[in-house]
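Below is one structure; the comments refer to it alone.
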Amino acid sequence: MKPFEVVEAPIDAQVYSNYVLHAGAGAVTLFTGHVREWTHGVRTVYLAYEAYVPMAEKKLAEIGAEMEAKWPGVKVAIAHRIGELHISDIAVVIAVSSPHRKAAYEANEYAIERIKEVVPIWKKEIWEDGEEWLGAQKKYPDKGVDSV
Amino acid sequence: MKPFEVVEAPIDAQVYSNYVLHAGAGAVTLFTGHVREWTHGVRTVYLAYEAYVPMAEKKLAEIGAEMEAKWPGVKVAIAHRIGELHISDIAVVIAVSSPHRKAAYEANEYAIERIKEVVPIWKKEIWEDGEEWLGAQKKYPDKGVDSV
Amino acid sequence: MISIQYFARLRELAGKGQETLDREQMTVQELLDWAEETYPGFGKDDIQVAVNEEYALPEDVIHSGDECAFIPPVSGG
Amino acid sequence: MISIQYFARLRELAGKGQETLDREQMTVQELLDWAEETYPGFGKDDIQVAVNEEYALPEDVIHSGDECAFIPPVSGG
């Protein structure tokens, strides 16, 4: 594995938490974003994720560097899956270790917020009767914003 | 496994995240507290945890109920290990699933704060040249407070 | 008979994990006072008492058959 | 030659994932204007341009050999 990567295979979250664990770590936070069956009352059949892979991996690594600068001592790994994802599949995993717990929580939450702002990855929701690329489009201002 | 338990065997964190995952969950936060090698410049050889087991499990379940009341829709599992723990061993795991990520982060952090306040579990630090029961004793006001 | 459990520092201080006290009833504060006298250095001001697995107040009354535990400052996590 | 990549909604709108544009240089804004004219409904006001895998400003200049990508609002996570 690479500590900042876009993958096509199912994500094994444990691989990333193992990567960040070390003898100086007192706390590890592991966030996994999963495909949810219902969003805004509409049943999702599956999601299709697409990425500009090299730039996405570069941006994930930049987010990791931002985190290490803001919370000295944290160690970070982030992976995002692309392709066709079904209910409960892991779309994204963020693993953060830190000597103390507060930084591990804060840095982890920072990472998912930044991913949703700057990493070139897109999600298409496929329902039983249609599909839609998500994102902050004007047409659907309430979609995708609180998607996880 | 039980969703709120005190265990003697090594903790497999994945068991608890699997337990809280369901089709309505968009986010899972998994916190693991680990034995850290260095605390306040002193090298830890190992930790010995002790619990008032039935009351501790009852208090963990109460914390879970508090979380479900404060953040509707979250599902929670918490386990704490007792006995002799070595560097990087998991002492505590908190798994929280939620439809949306914000509650999963907030509820998880709430859980570890409450555990450190009300759950009858004690930690003894064993160094190369001594040992000490931790807790908010007056003698050592800076110990144990930010222990993870 | 009131049963009493000791944990962590208090278990080491008392040299035992549990014992029974031959009383019909007493308050939580009276139990703490008894422990302080019996085990010098007990430090009752920092210790809570659980009665039947629930935190109790100093004025709460303990009855024969209750299970009590001294709870020094916790340090889990 | 400037290479251009399309993703997500834009890939479906353009009917292709990439193409090349035979220009020596142009600004990011000129590239967006060109795309809006070429692909009605492109929605350039909500789209960013990456040049060589880095977000660019409208006034930045793209040169022949640069790799450009249109970045519609992202929705990872």
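Order of writing sets the chain letters: A, B, C and D. Residues in each chain are counted from 1.
Heads up, the rule we're going with is that contacts are C-beta pairs under 8 Å (C-beta built on N, C-alpha and C of every residue); 3 or more make two chains touch, one makes a residue touch a chain.
Computed from a predicted structure; not experimentally measured.
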item	value
Contact-graph distance - origin chain B, target chain C	1
Distance from chain D to chain A - Cα centre to Cα centre, in angstrom	25
Distance between the centres, which are taken as Cα means, of chain D and chain B, whole angstrom	49
Chain C and chain D: spacing of chain centres that average the CA atoms, whole Å	72
Residues within chain B bordering two or more other chains	33, 112, 147-148
Multi-chain contact sites of chain C, meaning residues that touch two or more partners	none
Contacting chain pairs - touch in the sense defined above	A-B, A-D, B-C
Chain C to chain B touching residues, read off their complex	5, 7-9, 11-12, 43, 46, 50, 53-55, 69, 71-77
Chain A - residues contacting chain B, complex	13-14, 17, 21-38, 87-88, 99-102, 104-105, 108-109, 112, 146-148
Residues of chain B defined as touching chain C within the complex	33, 49-52, 54-56, 58, 80, 91-92, 112, 115-124, 133-138, 144, 147-148
